[in-house]
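Handing you a structure now.
The first chain written gets the first letter, and so on, giving A, B, C, D, E and F; residue counts start at 1 in each chain.
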Amino acid sequence: MGNVGATEVPVLLSPEGLRIDGRRLDELRPIRIEAGALHQADGSAFVEWGANKVMAAVYGPREVHPRHLQQNNKAVIQCKYNMAAFSVDERKRPGLDRRSQEISKVIAEAFESVVFAEEFPRTSIDIYIEVLQANAGTRCAGLVAASVALADAGIPMVDLLPAVAVGKIAGKIALDLKKEEDNFGEADLPMALVPQSGRLVLLQMEGHMTPDELAASLDLGVRGCREIYEKMKAALRERYAATVPSGGTP
Amino acid sequence: MSEEVTAEILMTHILDLAAEGKRMDGRGPDEYRAVSVEPGFVATADGSALARVGNTTVLAGIKLEPGKPFPDTPNAGVLTTNAELIPLSSPTFEPGPPQPGAIEVSRVVDRAIRAADTLDLTRLVVTPGEKTWVCYVDMHVLDHAGNLIDAASLAALTALSHATVPAKRFEVGDADYPLEVQHYPVECTFVRLGDTIVVDPTFEEEQAAQGRLTVATDENGRIVAMQKGLVGAFSPDDVKEVVRRALVHGDRLRAIAKGGPR
Amino acid sequence: MGNVGATEVPVLLSPEGLRIDGRRLDELRPIRIEAGALHQADGSAFVEWGANKVMAAVYGPREVHPRHLQQNNKAVIQCKYNMAAFSVDERKRPGLDRRSQEISKVIAEAFESVVFAEEFPRTSIDIYIEVLQANAGTRCAGLVAASVALADAGIPMVDLLPAVAVGKIAGKIALDLKKEEDNFGEADLPMALVPQSGRLVLLQMEGHMTPDELAASLDLGVRGCREIYEKMKAALRERYAATVPSGGTP
Amino acid sequence: MSEEVTAEILMTHILDLAAEGKRMDGRGPDEYRAVSVEPGFVATADGSALARVGNTTVLAGIKLEPGKPFPDTPNAGVLTTNAELIPLSSPTFEPGPPQPGAIEVSRVVDRAIRAADTLDLTRLVVTPGEKTWVCYVDMHVLDHAGNLIDAASLAALTALSHATVPAKRFEVGDADYPLEVQHYPVECTFVRLGDTIVVDPTFEEEQAAQGRLTVATDENGRIVAMQKGLVGAFSPDDVKEVVRRALVHGDRLRAIAKGGPR
Amino acid sequence: MSEEVTAEILMTHILDLAAEGKRMDGRGPDEYRAVSVEPGFVATADGSALARVGNTTVLAGIKLEPGKPFPDTPNAGVLTTNAELIPLSSPTFEPGPPQPGAIEVSRVVDRAIRAADTLDLTRLVVTPGEKTWVCYVDMHVLDHAGNLIDAASLAALTALSHATVPAKRFEVGDADYPLEVQHYPVECTFVRLGDTIVVDPTFEEEQAAQGRLTVATDENGRIVAMQKGLVGAFSPDDVKEVVRRALVHGDRLRAIAKGGPR
Amino acid sequence: MGNVGATEVPVLLSPEGLRIDGRRLDELRPIRIEAGALHQADGSAFVEWGANKVMAAVYGPREVHPRHLQQNNKAVIQCKYNMAAFSVDERKRPGLDRRSQEISKVIAEAFESVVFAEEFPRTSIDIYIEVLQANAGTRCAGLVAASVALADAGIPMVDLLPAVAVGKIAGKIALDLKKEEDNFGEADLPMALVPQSGRLVLLQMEGHMTPDELAASLDLGVRGCREIYEKMKAALRERYAATVPSGGTP
């Protein structure tokens, strides 16, 4: 979709209905989630998702910086999504660009919708997401990593936030686009789900879709989120198993 | 009474009204405020429009200049969209570098213009890989009474569809000619107030909102962009309902954007 | 005057002594002033002056931001003069440049000279001037708009501040230069007057003038300011007429 | 006693003295402090001068580099003037981006240099539209004891009039040659203290001032630039008086700027 | 107990231990933490390595792009080193422009790479004065448990020695080829705790330190860079001792950096 | 050393062992130190050292700005080292670059090592160093100037901080490199000494040295620092002589 004026368009869907990496339309890329990947952060997680590598860390509740953002009745939730200079094919200049600032904003708003911020007035909960290697879907990978990192930090939340992008390639709705699919596809629709309520706290879309395609995309995305949800819970169980002394009482 | 308490009471009042399907300014949940556009407001711009949605006012100005295509897209012109939430327009805006809110407005408007192929960017190229028109869309918020995205989108679309390519001034051609617009995407924004989803929120309704959802549609009934914003959530069914309503409002807004005198 | 090395110089004064737009040397361009043009601001005004379009808004007295500028014995008066990217022929990059910062400073100092700032200690009175379409004389148009906006906001002042630029074209002193006259003229002298005292609170000059020409320019400018003063008062009367219920007691 | 009270007392004292035509340092209202210039202070610059006005010290350095003319003035060289109010020079300056005060100093000095046609910019051009000398004037305030504009203007003019075009170093010509100065504009600054208008204010007089007025004149008795600054007002008659006095001081300051050894 | 008091007690404890030649994590004064490097960690980079020194983790990524040589060195390629102390890695880092600490890390690592002639910069040139490879070394600190300089230096050296010049992708040649590394400089850092000088300090030891000293050595036993940091002092004899110890550690660290699979 | 790819290399050492300016290997360039060179600063010094011209000023102890840097138990010591645009052959863009920020940091840390900062809790001691003309060794010249400026400001310190760079040219260890020696030499090693304790509080190095060469450099540098120390004390004596009324009691 960012490729007006580019020349070669790859075949995104085989006659058998398989995608360039052999996946079915409703199939996720492989995901590996490691809770507690860092030592300094209050909570952290590392996510490998297809060819994405994303690290998230959470600090807080802690003193608000800068001070004038402090709120008397709740914690402020701040998020910085950042891409490493070497995470993409063309080197990205270090520093926050407009895309990163927008993604940081919608991710912060997604977490504000589920964190019990009023339990920590006058504090800040700071979420840092670093994309180390990017291959489409980094904001969803970042959300998943950050959500596990928040849980790892013991921040009380309504629920974890699984996230995934649905897209349209060669006229078909497809789950979890990889880079070539995102570049040459017709639409991209990232979302984040609160599994408990079935509601979406992040939703963006760019491309071309009919209302029916959009409805089908939402349904496919929700199913994808529920699949990811299980992997997130498993990663946290593994983390707790590693930290609680075996055979001891809680 | 502290500012916080006043704000709290106002928000509760808005939510109570919404529960009965009412709004502070007397509108129904699916009623848009009065909308008008004034193309050609700024003579120094290559295209411009002042859009009003209720008391919200946004001025968009287009400037076209020769420049270089990006290395990876030698056959495409360059489109740059920028929104300025200047402190003149609201007591809540501060001077300084663009705030996340301004960046969101410009990116959401930009996304719809781009995804809808509003301009045929290949036609902006003068010499592939060498020289192209760079099209700047600058949106200046003058009065912020809620729903900036829709007002900015209307101003930008109207300005683009009344713009001229200054070929003669830059000695790229013999005469200036109209910038061609292929599609007409418009944004339509809703907020959730309890169980009620209202269209075209005022500033106060945005403060009280439990989620904002914007849907951009084109003249073929396609969805070209969406953006959920603010704290809050929408069910998939909410989204489907919002899309239906956005298509209806979109047609009316598009007619207003197109209707201005050329 | 910013045109060293440029080639074509237009004829600025006809044999009959008329200017390129048909004005006499001591004639102002048409001015339209609308007080209360905006809804969010505490006071506002829109000025069309020749081919200039300028909006001004005033907020305050309100909390000072940034805090360390707060003064214990009076209000601080802050001014931001800004030009929209599309307000000039060559697109201006958004953001404050040095010219805008200098103009903001001299305008703020002009208003500090007439506002009763000591009535509002520890507060800020913030003046925002946006040039939407520019054609020479924008700082004067901005001053006039800001002055009406301050009155619209109910800020107590010694007097309104009419402003106008005098210049020198084809060797003659002329009132209220338009763009071509400013570009190809020999001098530009913007000023702002306190009508009540007859004193100038803004005065700048660039170009070439003899002392006698300068003296004549000052006198012509003061007369121009007094003419604009009447239009400013009329705009405010109209605004009050619109807001006070007709036939009611104040 | 608080700092504010001390400052208040000092300001009242200055105004009381001025009412009798006196000043804290014993000068009369139209008496300038001792002035000196030292051209060639910095060997790495293409031209430089250290100017002292009383205890106020400003160092100006000139650098010339080949560059491109602006697209709209292909036949004119480029002149860039910059003032740095570094925190070394005064307890009132802070590190960071240029403050409005620094910008005002550089713009007022620049305005006089430009309006007086100090340099013949067309002679800086090497190839029209392609290559020109870019002349940087950097003014570094070292000690701020009041009246920065005049000191900066003196330093800049002296540095320019002793500068060399480094044609050989940049392989633009066979030999370096002197930069030609056509006119000699100097700024002269006054402040109003009650009904008295005094020339060349000290830092403390600037604090107490009810308006500052700077007039730049050239060697032909023309006014080339003016700037009213600070809070306060001047009547047209005040301005005319200041212009008369500025012409007299200007001649003396110009002689000092020109007098340095070449 | 306030944070300050806690910190004070911890620092005293560290100094008391050091006086007996002990450290909080059980190491001896000249004992380095476990070190590992993982080259090729990032597939999008032209070279990369994740280095761990104890719990300190730094990721270095190399990117090569065609660009212009600097005008004064037409026959040399361009090397740019940048360290990002992102707030993800430590509670003490804040978002925003690079802090002095980050700048110091990148400059000290850069100095060793440059002084050791790690790369033959002349071989990066494609056309003298016109076109050269620009080599970016970006170091991303992920976990800051002390001794960033050594970890960053190890990550950078390993990434460089496993990097590929993307000649084919940028159409500069027919095939990509390995970036050639001529020398292997590694940094080795010490802090003074009272009279004891310990190698490879933890974060807490850096807080308690009375001076930090880094020595970069190459595989020929030469010293190529040094940096004293933090508050504190070293006698010339201290420095000589530190150099001796740095040479020994350097050989071991170099073997680790070279040892990763290619 | 910053000259990879440059062409001409000058002869740095004559057959007689003399350097390009005729100095012996262990000889300093001429130094002139003027204490109290400025009027506004609390302390100041101007140093001409070879073809370097460096001004330093000290303000404080005074209020900390920005406030959040304030320390409860001691003064913060802040340093800004800056080069004037015209101080080098190729004009330097105004503003702090990375080199200046690193030098500011190591100089601040050097002074923190000798100033009795705990005598002035909650205050700031601000050191400003302006390089007006540069010819290698500016950080050492800045340190010497700042050290004299601190003494001139009456800030209590363990000792003055003489500083000098040692380098390696044509294979020999040499004291106090000038520009050509620095550009084409093999190593540069700036240091600052506390004469009282014989310890170094600043030490940097770049280039190629054997351990033996490094040891010799340290010894030569310490001797150079002690020589400079005498000149610093002389400058302060001259300053005090000028300010204390002659023949009066202290």
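To be clear about the criterion, a contact is a pair of C-beta atoms (placed from the backbone, for glycine too) under 8 Å apart; a residue touches a chain by one contact, two chains touch by 3 or more.
What you see is a predicted model, and the numbers here were worked out from it, not measured in a lab.
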| item | value |
| --- | --- |
| Relative to chain A, chain with the most remote C-alpha centre | D |
| Inter-chain centre distance, chain A versus chain D - centres from mean C-alpha coordinates, in Å | 57 |
| Centre-of-Cα separation between chain C and chain B, whole angstrom | 31 |
| Chain centre separation (chain E, chain F; CA means) in Å | 27 |
| Approximate Å spacing (C-alpha centroids) for the pair chain A, chain C | 51 |
| Overlap residues in chain C, where contacts from two or more other chains coincide | 90 |
| Two or more partner chains touched - positions in chain B | none |
| Graph class of chain-chain contacts, one of line, ring, star, complete, other | ring |
| Traversal of the chain ring from chain B via chain C | B, C, D, F, E, A |
| Touching residues on chain D, where the partner in the complex is chain C | 4, 69, 72-76, 98, 100-101, 103-104, 106-107, 111, 114-117, 121-122, 125, 211, 213, 221-236, 238-240, 243-244, 247 |
| Chain C residues within the chain B interface of the complex | 38-41, 51, 53, 55-57, 59, 62, 65, 80, 82, 84-91, 94, 126, 128-130, 132-135 |
| Chain F residues touching chain E - in the complex, by the definition given at the top | 1, 3-7, 72-73, 90, 98-99, 101-102, 104-106, 109, 112-113, 187, 189, 194, 197-211, 214-215, 218-219, 222 |
| Residues on chain E engaged by chain A in the complex (per definition of touch) | 41-46, 48, 55, 57, 59, 61-63, 65, 82, 84, 86-91, 94-95, 136, 138, 140, 142-145 |
